[in-house]
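So that you can tell them apart, the chains are marked A, B, C, D, E and F in the order they are listed, and the count of residues begins at 1 in each.
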């Protein structure tokens, strides 16, 4: 039974993910929990009156729960009146939108690429970073709100960019193709330290104070020190520049602006893939011959059209 | 004998192209011609005293001349003292920098693409525009100063973009690939009406007053009227939008901003190819491990580095 | 009986214009129509339960209807409960705010000006455009929201600008007065292809994709081809430049920026008339000695004052 | 004999204006005067060796001198070798470019307008300011470099704006016409305290530190205090606002932005007259069918065209 | 009894300040007063039905009233139902948030500074301005919304800046310390003419039309005329420049930009004190280890963090 | 004998510093050295014809040489004709402009501060960075061109900022004073990796590719790893944020924008000290009552005045 099918007055029995839960007080001072639930079909809210201490510790965001209750309507919106709510051990990923790809294959593709890197410093750095952060890298979205904002989005975005980088670099044979590809592989992985995970809207404290470019650069330096690699040598230096410059312009929060063609190209492939993914998501729901009703901020802040042809 | 080999005091006998010639007056009121000469190796200037009326009509920019003379030095620069200067019938193209490709093949590739276009309106429009402007399209640079600024640059830039558009569109199968490719084919061809040709720095009056986006849109409308195609129909409308929006942002002189993914992608491929061509030109002369001495305005206004690796 | 006089509990019998109607569903899945009605005095909404197929086809935005019903209050706003609703053949224009001028005279003034144009190309272009678009030109507002946003606003704005252009050009006798005036006459008429008409907020697809400057330029080219006028000749070229540059600055969506004084002046007269019309509308309701309560975005984004003197 | 006719080697005897003179030292420590001379036809420079103390006090910028000497050429430019140089009592104005109007009539027009002002406060303020500054107001240019940059330009610019304000205000009868016209009359007269006069490039210290808008506002307040007018009353307040806001936008150095239509209109008429005057000056020398060779910073930073029609 | 303690259903008897009161009409056309009340603990609203003429004149914003009534709840917010409401003669200041300092001492400090000013012109100007505006200067906040927005904030902000100016100027002994300090003393006092006082959101008409920089400059000029000081002399001129330039940049509404180090420093101390005060206010309520939930517009438009250390 | 006293024709015998030397070729292909010499009084250039291999290796920028020769004049500038040129072992610092302070005391002050730091992590980081970079930190200017551009400028700028930070933090007792002061101590020390030293204009490759903020952050991370400090802990994290945000705004190349008051204050003290130092340098040469002749880019791009009082 999916949330989008619920109707007023219906008794329901379903599983869903707790997207968020916050403790509040009634006017008479009694605690209750305001719960937001989601599955891949939709979302519904409800208040858990008389919340127990056990519930307070068990029912946290990211937990999948089994619920029975009745659907009512309040101010024009459906809501759930809880009869029972029990935590389960199901995986949250089953209840959130997932990347449109087989993550196993995605990760294999990236792992194979890593083992094929010829520059030893770059390979060691890539291996160590993936060793440390692979689990989150595989689970996280590529951005909190804008593009590839679904579970596995970060890994998926990285892999589709890598495929494109391999193809596009053939047109510019005078580039250092491996530098470009290693840059693509690593450029966004600092997000595992910056983003709150699949749930929540706010960055981590580290993320707010330093940003994911800096956080990744620090990881690289730390690995170099531990692995006895001189991070001032030109191969590592250029890789750090790829990461530091991939936001392209100062006003977009880049640490430095691109000074080599590989860095400029990384930025452009990133931008291209992010924009096209936004169009793709819009086209999933926009009918032919129609305009979006609102302006898309990250697509030039204009309405978007889907042609009939 | 090439211009770059000339030395002070030397007697020379060579062929070169008149890049520009302007009539001036000495303080005593006598006319002379200030001549700029070029071959693919370099450039040299000289004054043609006692210029005759015949010379005034024969020696115009774009003419290849046979010259004898003596090299002297003035204010630290070499110059030519003319003994004789005769127009020849050689082709100017032989004396200007040319696109790094076989233009015959480039044009065949584009022509074949045109005949493969399935949408009939688009094919007719492309055929008619090429019929009318092919000669200039083949000869012109892609820009007066910045990128692909050599003979055949416009055709070459178009063909390399088309190759990339074909490759990149495979990654986004939900796009209208043909719309993208026809947009790429036509997007810059209005420059044949805007640019002064291979020589000269100023745009045509039409070019200054309307710009090459508008000039091409007018060509499309004119063809449609003559060929009895309704240019308000959606296929033509979307093609016009591809042209009208390919400069991406209002401050870059676009007529409209992209509203469909094909238009956004055309803009990004154009930008990518123009930037990478600038890097390529810089790398032709920049040694490994060196920085450009000045900032590159169109590459983020920064100095550019060429790594050792 | 005017809408602004309605009171809660009252039985009413009146005529009004359907500004918008949209089909919705009740929670139990029954269709109804959400209707917005307007006359020159005000606006009121109501829901048409049990809407019939006949009503769905007859009751569309822009239709004047005869209504009986009862006024009730919901969430602090008055609404109409329909007893009957019948389409009439009355003109929508009678029920929308109209330009503060006699449109007959306005159109006569413009028509006389057209027949007085001495440059033959310009006159033919003007005649053909008016032939084709006069009806809409006469009915449309000058802008969806900002200035001259009332029926006939486009024609009225054009005529008041033409009067000013005639007067101001006397101060600059070295200008081509006719070029200025023909530019004024035509500059905004592309809006008949861009705007949704008197009702609705969204531009047409053509309007969004190309903008009214481009749409008018295409009309001019089409007319020239059909009338065998060479649109590359300088008189037509300059007229096209007047249209293409009248938005003044790239960030305001101009196709080119003014390069001749007539084009610069057209832009300034347009801006002056639009701004002063906004002040006039504000002063219609703002008492002496008072400030507007909110900032006026198009008047420098400041509050506006009306002095006591 | 006019400066523009001078030729190398010629002995000359002429009158000219000292535009600037600065004392310098030779390498051996002897003082000389570097003199720039001008008449309405052109300009020439020369060095006055062995300058005497008498000359140092008599030969100052703005003095008309009688010169004999010989023309030589130095680094491609003509220069004058002085044989004699004598101050005369001729008026500098005869030797500088003058406004294209009869200044007597201009001043009469303005004076008549002042005496016709109905609001007593405004009339007194205008009278007192003109009493105090009329001489400079009549002599000064309207700007050091850009528009109306000739003797009498300030008075001329003011009068042509006033004529336009009278005409344009008829189209907007709901404006306070007198407020607009008094604003036009006074808006730029603070320049007599800001500008260095007819000669020199740098503003006065007061001008740099406060600007001509503020300097005029201070004059108005001072007059009000002396004439026992309460400058907080609304009529004076609105007039001060006209002055304080006439630069239109903060980035153009306005003290406040326009909040009333009269202020907005003053700004637009000022901008219109300044821009059109620049075009007029360009057209004085630009042939038909030609473009200016350089970009005009204050006309949108573009090249300017003069059409053939 | 404090407002923040009120609970639904409670009968209350308390004193509070009328923050605002506005007359409205019921649907049946009867007048009532919509009243907003505040004390230092919080705020509550209520409607005063059947408002009498006496009440209309007595109960104005800024009056402290004695109220009895009952607390009810409407749309989730508590409101007061009035049983009685009587004006008192208590001071409004007791009921608004006050500066965190002893205003007596603050004013003594400033007064002592004034009497210590050595430049006679500056001292007279300062004395006369304080004579005229001391009462409001002492009562007003430093800004309507952003920084030091509490009673006495203007005097408090001025005094803390003066302390800092005295300390910082020791590090730059080549500055004119007295000029800096007098500039600090006076720079914001024009706000007493610009701001609506402790209550209300809108600036005065003078404030909107001229701004507090200009209003203070006019005060200085007026004093100089009355006291027979030549305000064009350099000491007064530089003081006026301090005031005119203290907003630093044109886009922040400065009349001129700083041209002397004292003016640059005044601007920086002002900015520093305003920013740090905003942080202090945030830290009053933000727990350690937490981020503000929303972006702080005047602190770089970012969220703000309070560290654990 | 100082360079500024040299006169044309004079035989000279002096010591000076080689600021730059570059190898060039005469037209006939012979190598020579173009030498720029400086002492604290001025600068002079000359060509070293017939340069030997020994000279090529010995005479490098930064070497102090003993010279005999003759002064001639070329194109209005004095130049040196070399008779002999010998390297000496004198210190370059004696021949370049030095910070206006005793560097020994400056360094003692900073060293004492370091040993007084209470937070152990911060103290270790500071100690290790100074251990590694003290020599360059002591020698380098604070900026290549703008402020504190003299030997020892970096150490001097740091110490004067630290004194101010100590004083200013007293006004804001709720700040973490030590965090502020350690931030001040370290903020610019990354410049020793970014700048070319005392001579030369171009940044190092590392400096261009990453910038001095990033280079310092990497040093901190490296030290933490080696010293077994967890650099993700809040004390180190906040210190990194101080460094990463001290350029204040994204367009000024900051890595992140300030999110804590200590970071905001560091940025403001830095800006204040840099600006005031520029004024101080200008005032060293600008007479009272005078304006700088050109605009000062980093002081608001305006001319600067020095008052008479």
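What we mean here is this: a residue touches a chain if its C-beta (ideal position, glycine included) is under 8 Å from a C-beta of that chain, and two chains touch if they have at least 3 such contacts.
Because the structure is predicted, anything quoted here is derived from the model rather than measured.
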Both-way neighbours, i.e. chains that touch chain D and touch chain C: B, E
Chain whose average C-alpha position is farthest from chain F's own: C
Cα-centroid distance, chain A relative to chain B, in whole angstrom: 43
Chain centre separation (chain C, chain F; CA means) in Å: 63
Set of chain E residues in contact with two or more other chains: 205, 208-209, 234, 238, 259, 303, 305
Arrangement of touching chains [line / ring / star / complete / other]: other
Chains touching one another, given as label pairs in label order: A-B, A-C, A-E, A-F, B-C, B-D, B-F, C-D, C-E, D-E, D-F, E-F
Chain E-touching residues of chain F, taken from the complex the two chains share: 119, 160, 163-164, 167-168, 171-172, 174, 176, 179, 234-235, 238, 248-249, 257-261, 264-265, 268, 271-272, 275-276, 279-280, 283, 299-300, 302-309
Contact set on chain B toward chain D in their complex: 27, 202, 205, 208-209
Chain F - residues contacting chain A, complex: 205-206, 208-211, 213-214, 217-218, 221-222, 225-226, 231-232, 234, 237-238, 240-241, 244, 250-253, 255-256, 259
Interface residues, chain A side, partner chain C - complex: 7-8, 73, 291, 302-303, 305
